[in-house]
Amino acid sequence: MSTVDEQAKVPDSPAGAETGAPPAEAADESSGSFIFLFFIIGFFAAAILGWVVFPKVLYSTQYQPIDFSHAEHVEMVDEGCESCHYLREDGSFSGVPTLAECIDCHEEINGDSEDERIFYEEYVAKDREVPWLVYSRQPDCVFFSHAAHIVGAEMECATCHGDIGESDSLKPYQENRITGYSRDIWGYNIAGFKRNTWDRMKMDDCSDCHQEAGGVAHSSSVQTQRGACFVCHK
Amino acid sequence: MKIDRRCFLSFAIGGAAGTALSPLPWKLTDDSSIWSQMWPWTPVPPDGESTYDHSTCTLCPGGCGITVRSIDGRAIKIEGRDGHPVNQGGICPLGLAGLQLLYGPTRVKAPLKRVGERGAGKWQRISWESAVAEIAETLAGLRSSGQAHTVAAISSRNRGTVAALMERFLTALGSPNFLRMPTMEDAQELGLYINQGILGSVGYDFENSDFVLSFGAGLIDGWGAPVRMFLAKSAWQDAGAKVVQIESRFSNTAAKADQWVNIRPGSEADLALGIAHVLVAEELYDTSFVGRHTADFDAFQAALADYTPDAVATTTGVSVETIAALAKAFAEAASPVAVYGRGKGQVPGSLKEVLAVTALNALVGNINQPGGMWAIPEGEGMPWPDIETDAVAAEGLQKPRIDGAGTGKFPNSRYLLNRLPAVLAEGSGYGLKALFIEDANPLYSLPDTVAMQAAFAQIPTIVSFASHMDETAAFADYILPNHVYLERYEDVVVTAGLNTRTIGLAQPIMAPLYNTQHVGDTLIQLAQAMDEPVAAAFPWEDYQTCLEESLGDNWDTLEEEGVWTDESFAADPEAGFETTSGDFEFVGDLGADVLTAATAAAEGDATAYPLLLVPYDIMRLVSSRVGAPPFMIKTVPDTILKGQDILVEINPQTAQAAGLADGKGASLETPRGRARVKVHLSEGIQPGVIAMARGLGHTAFDKYLADKGVNVNSLMGAVIDPVSGYDAVWGIRAKLMRA
Amino acid sequence: MDSALIPKGVKRCPTWQFLAWLSVFGAVLLWGVYAMLLCWFKGLNQTNMNDYYGFALWIWADLAVIALGGGAFFSGLLKYIFGKDELKNIINFAVLLGFICYSSALLILAIDIGQPLRGWFIFWHANVHSMLTEVAFCLSCYFAVLTIEYIPLILENRQLDKVPFFHNLSHNMHETMAIFAATGAFLSFFHQGSLGGVAGVLFGRPFAFREHILIWPYTFFLFTWSAAAFGPCFTLSMTWITEKVTGKKLVKDNVIDLLAKISGWMITSYIIVKIVETLYWATVTAPSKGFDVSHFYTNNGLYGWWILFAELIVGGVVPGLILIIPSLRRNSAARVTAILLGCFGVCLNRWVMVLQVMAVPVMTFDNWALYYPSWQEVATTILPVAYGIILTMISYRYLPIFPQEAELNPLEGAEEVEAEQEATAAEGAAEPATA
Amino acid sequence: MTSAQTHTENGAQTDGKPVAHGADNGHLHKYGMVIDLDKCTGCGACMVACMSENNVPFRDDETDKLTSITWMRVYKLTNGKPYPDNDVCYLPRPCQHCEGHAGHSPCVSVCPATATDYSTETGIVSQIYTRCFGCRYCMAACPYHARYFNWWDPVWPDGMEKYLSPNVSPRMRGVVEKCNFCFQRYQLAKDKVYVDGESTVSEEAYQTACTQACPAGAITFGDLNNPEHLVHQLAQPDDHHHGHPRNPNAFRLLERLGTNTKVYYVSSREWVRRAGDNYLPDEQTGGGGH
């Protein structure tokens, strides 16, 4: 701290010389704009770091074991998404098909795609489950009832999953290095803004949608007057 | 211009402002909290398709039906099977914790061969082929040297295909030495044979009984088929049936009974005879049944002369009035039943006691009647072709059994494993050269573990089929691990006091986790690795073929329903009994002496050891071959186990005399050993008695079970019943000193 | 070496001596930090808390330091709002103590929670029904206020004050201090109260539960009142200790006397209400739940009737009476006894309202649960004490904490050196007593 | 009558907004339990059923019962008389799911982060482990000691984590957990209701693991609002008196504190009923309540 005084006595301060003001004050004023420049530099450097570099560092990019065309498969099946992603008899949701379910159609190589060949050789032939990276996988603490949304609320798959059903190939999977979750949960916008209902899948997004859907308003919580925790948590 | 500290400060403030206005701190805060919600070291159970499969629990003799919930083929929960004839959907703590045994760390994961000292825990993994070959070679060597009869096998049961295969294997080798682990069923079977001339088990029609007189039976502490007993207990409550518990300790059964008769330990037989005395003297008994269907009532009556209420009151500590009231209530009930077997019934008990208790049932004519005691015939043996024994085998089979059962002093007894230590120590028999142990843990669960281990030490080859590294497996030379019950097929013949013939089917819920093999398959392979006569006795390709063939028509029922029951044996008492006289015989050829003989006493000198140590059973511990899984140990109250210390239950008066306070450490000494214990003061136990829970003090298994408390068997020895040869131990003299 | 930083007109011990003592308390601090890190990285299994003692030593420490730190808001209230201008001579120290107490409380809370990384949920997912939410918000806000009150003091450091910006800032802040004092008093009313409410709302715990006025249980008001009453005792105790350590008179007697008198009347009025409230609880509230009050004080090895006597009489009535009787109050020994007993009384009250609440069995078949802290808990509780001593040492050395010090201890040429030596010796001898 | 009563009460609480949720449209359940203490044998099956259903961890020494996590704990009560007049009774204690006054149970109202909540749809007191930050205020608030803190990281011996159920999230160190009436079973039952096109979860479709396992049939579980459910018939809750049981043999633990619990106990023994609450010496058992 004692250096502050010494600083003020720096003789060759140009600003001080020009204004002819007492040296101590002059030094303060002259370096004022200069100091502000540093402020700006610091500000923008941090902003760039936070807005641009940070998201790149935070997420690692992984690729699916095989490229898969939803569009191609949807054309070939009768019941749309539900042909492969269906509700089981007990009301639970099947999620990503198991190898056995794939084999129902892919007992042999059906086409000439390279991915199908890899699929067959690496997984069917070796009887290994495909380690799919699931974009919409929720944390373990979440109980998400597909039955309630598909049957109860008659919602479309796309409301939450977007147009993945029309995609020709699988986008790279981005994993949050800290939490281990898919980037789709937080959304691709690092600030958390979303344009479409399927852009983000955090708890707040669930509750936003539930707030809007007045018909199935949840107000069973005594504490929050909203949905009680156990509706969606386990 | 000069870049000074203020510039840095400014830069830093700008940086801070820029950071604050960027997502970085906020996202990091959020993400780090999410990280804490999903710490990578906290497991996340994978989700999948949920399925339910039925099977039968084999962890105790009860044979409950279970339903196993699996996720993508991974068993995650065991539940009681709804509508199952034994347990009606209920299930006990052990059955519920079965998956901890399946996935548990003490599983033997591959065949092992001992490489270090016995019991030192040094093992070498070997292939099934070499294990089978090496053991077959040893056995072949014994056969060729005329020592086939020195091979013995210990199993917890003698019914069902696995036990039958084991017995058949011994027979084919040429050994008569199949040994069943002792339980109360030994004494009951013998009693049944004497009373009714039937080879079979005793069943009780509890559901239809309105007065249950239990001579220390832990009706809700694990006696018989535990879940069935719980259901029966609740049914008694709903129907207003009376339950009287005769016991020295205020056990859970006593607590739930309508009346607790506080008796001097070990004098139950005297009380039964005292009640019989009153029934006869006051002509309260069923004269019709006794008159028409019993053969030796006079002899029985003569034996009762010594058991006047006054005399019995002195012996038992139960008042004359209580004895009279019990007799009256018992006689007046519509369907009274007297029940035999202490605690869970792990000790056979004295023949005098089983005959005395059964006599009460006969006196009220409640034999093979609704609400009474039933004889359940053992049924036919396996429908297998006869063994063509060769000369070696024939010679071996001529030899008397190593335990002396079925001959000489003990003509009607079948298995006398308790005599083994004495026999081997004396060197009176021919000794054993090889021992197979299947589904049993004798080095833990039999009295006098020290003597038993010394006896085992004399046997050159011990082969264990244990799935888990229990005390006996740890002392073996080879371990040929069996699948755990959830990984294998097995027919489970349930006796356990059921009044129906019941067979449950254990079915594989999942593929074996480790390199284990069904004991049936191992036996078939062993036989087939031997000479023609032995191999020929095992013509099956594998165990499952054998099982399907053995069960015949029942196989389909069992595969479909999981359980098969039969009540068609129900005998008509009017048709008479299968004794030589054709009537019920109270004492048969043994004469009245068996009842007038002194009751088995506790070992030890009353002056040196002024107290009595009596073991007790609870549902939250396992004292049989199974090691209690962690969940069960977790339910054990801190008045039984605290840290590594077992707490023994004593009356505050006993404590005061010994200068002990609740929770304090003490040294407990019996003629057979000494142990460090802590004391728990209880108003539910007689002064002068020390009660110790069975099921602790394991030396094998894992850190969740091992070295916790004391194994009460290490402090007791067998007390051999002079007539039956069975172990009649109910306690031992002891002293308790401040430590 | 650091003479340029030491306020003008006062004498301080040599640097080496200062550093030596600093390192002693620094070592204690590091020990506490080590325990803190153990708790953070290995979890709360490092403590002797259990499912019966979810709240234990730390929560007590929290409640106690906040009650003791109550001197800051109450002195501020007296000076800035009620115009007790004499108190300006002790207010700096009161603020410093408040700052230490509140920062310590926040630190202990951060160690006490099982998931420190999620601690911010208390703000983000706040449950408005919870007393703890109220505590967290008011505590954080008041800590900010204390920081603002402490900053001008730092800026009065001889060197910092030379910077015109800082000088002006400090001056302007002083001008507006009344607003902060008022804000602080308001916030303190709520968080002291809600800390009292923490126990008082527990309707499942008849020992803690108290009847309500509006939405607040009696303990809400009693805690605020007792913090105002006993907080000054702590300020006075610490002043007394500092005077003993430095061997100097730092605050004039009239200031001490005024604060002691106010504290005395506050304690007396508090303890009367507290006794009435206790009687009401013992004869009406507890029996209505089926409890004879003796249930709470018998059949266990620690919590007997003595604790009630110690809290109400020894730590309440006695200091109250001493401080309101002028002759006793002016007797230094009696006054010091009273203020120390006052600190003890309020700490014991907080202990009872945390630990005894946990100890008393409620279900008829339950047992008393007794508890002793693990060394990690003790170390992390001593950590703030060491931190407080260090901050006090530094502040005393470099900041004009006691405005009357120079006047009361004039420096004069030759005597100066002697005085310094004396002070040094005294500081060296007495300092450990503060630990 | 009972359900109508509750409808009005809850309707008022939620500002007249319709309290409805999907498949259980219009049904306001109040799940509760009746435990017959005369039937309970203290075998501990409920405790193990609970632990195996709910992924409750275990440690090598669980004999310090003050740190041993047992959502369902069986207490042993004695009548306090000397030998041989001593009597004992076992009392299984799950979370009592207090309703308190209008859902403000002792623990729910104190949680600073809304990690525990009372649901008017089910009457269940929930606990969200990932929201909880471990302040333990709820534990201090609960007179039943039904709440447990994860003092340690849960560790399963190698391979044993395979039996963990995916329907229950394993808890991490530093959070509070407790019985939630096997809420995951209600969630799964509701899913089934959706696909089956039914209107509400039936009595059989939602039973807790302890109820299902109890070999003595001592535990009954169901909707206290539904007169057709066995629990209602056994407890006969009086909605005009905060659910006070009209069955003279039934009682609730510490009813006098106003916790308004949903676990009822039945015993024919007076000393057992008296042990359920605190009474001054001259007060009658069952009296003194509100």
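A, B, C and D label the chains in the order they appear, each numbered from 1.
Methods note: contacts are C-beta pairs under 8 Å (C-beta built on N, C-alpha and C of every residue); 3 or more make two chains touch, one makes a residue touch a chain.
This one's a predicted model, so the numbers in the text were calculated from it and none came from an experiment.
Q: Using CA atom means as chain centres, which chain is nearest the centre of all the protein shown?
A: Per-chain C-alpha centroids compared to the overall one single out D.
Q: For the pairs A-D and B-C, output the one whose chains share more C-beta pairs in contact.
A: Most C-beta pairs in contact, of the two: A-D.
Q: Using mean CA coordinates as chain centres, what's the gap between subunit A and subunit D in Å?
A: Once rounded, the distance between the two centres reads 38 Å.
Q: On a C-alpha centroid basis, what's the spacing between subunit B and subunit C, in Å?
A: Taking the average C-alpha coordinate of subunit B and of subunit C, the gap between them is 63 Å.
Q: Could you work out how far the Cα centre of subunit A sits from that of subunit C, in whole Å?
A: Chain centroid spacing, subunit A to subunit C, equals 46 Å.
Q: Roughly how far is subunit C from subunit D, centre to centre by C-alpha average, rounded to an integer in Å?
A: Here the centre of subunit D sits 41 Å away from the centre of subunit C.
Q: So which stretches of subunit B touch two or more other chains?
A: 32, 35-38, 44-45, 47-48
Q: At which residue positions does subunit C touch at least two other chains?
A: Correct list: 115, 118, 121, 127, 129.
Q: Where does subunit D touch two or more other chains at once, residue-wise?
A: 64, 76, 78, 104, 108-109, 111, 114-115, 129-131, 153, 170, 172-174
Q: Which residues of subunit D touch subunit A once you look at their complex with the stated criterion?
A: 13-15, 17-23, 102-104, 108-109, 111, 114-122, 124, 126, 128-131, 167-170, 180, 183-184, 186-188, 190-197
Q: Once bound in the complex, which stretches of subunit C touch subunit B?
A: 115, 117-118, 120-121
Q: Touching subunit D in the complex: which residues of subunit B?
A: 36-39, 41-48, 71, 74-80, 87, 89-93, 96-97, 99-100, 102-105, 220, 226-227, 230-231, 233-234, 237, 250, 252, 255-256, 260, 262, 513, 619-620, 630-639, 641-643, 651-653, 682-687, 702-704
Q: Please name which positions on subunit B make contact with subunit A in the complex.
A: 1-2, 4-8, 10-19, 21-25, 27-28, 31-32, 34-35, 37-38, 40, 44-45, 47-50, 72
Q: Within the complex, which stretch of subunit C touches subunit D?
A: So the residues of subunit C touching subunit D come out as 43-45, 49-55, 112-116, 118-119, 121-122, 125-127, 129-133, 136, 198, 201-206, 287-292, 295, 357-358, 362-366, 369.
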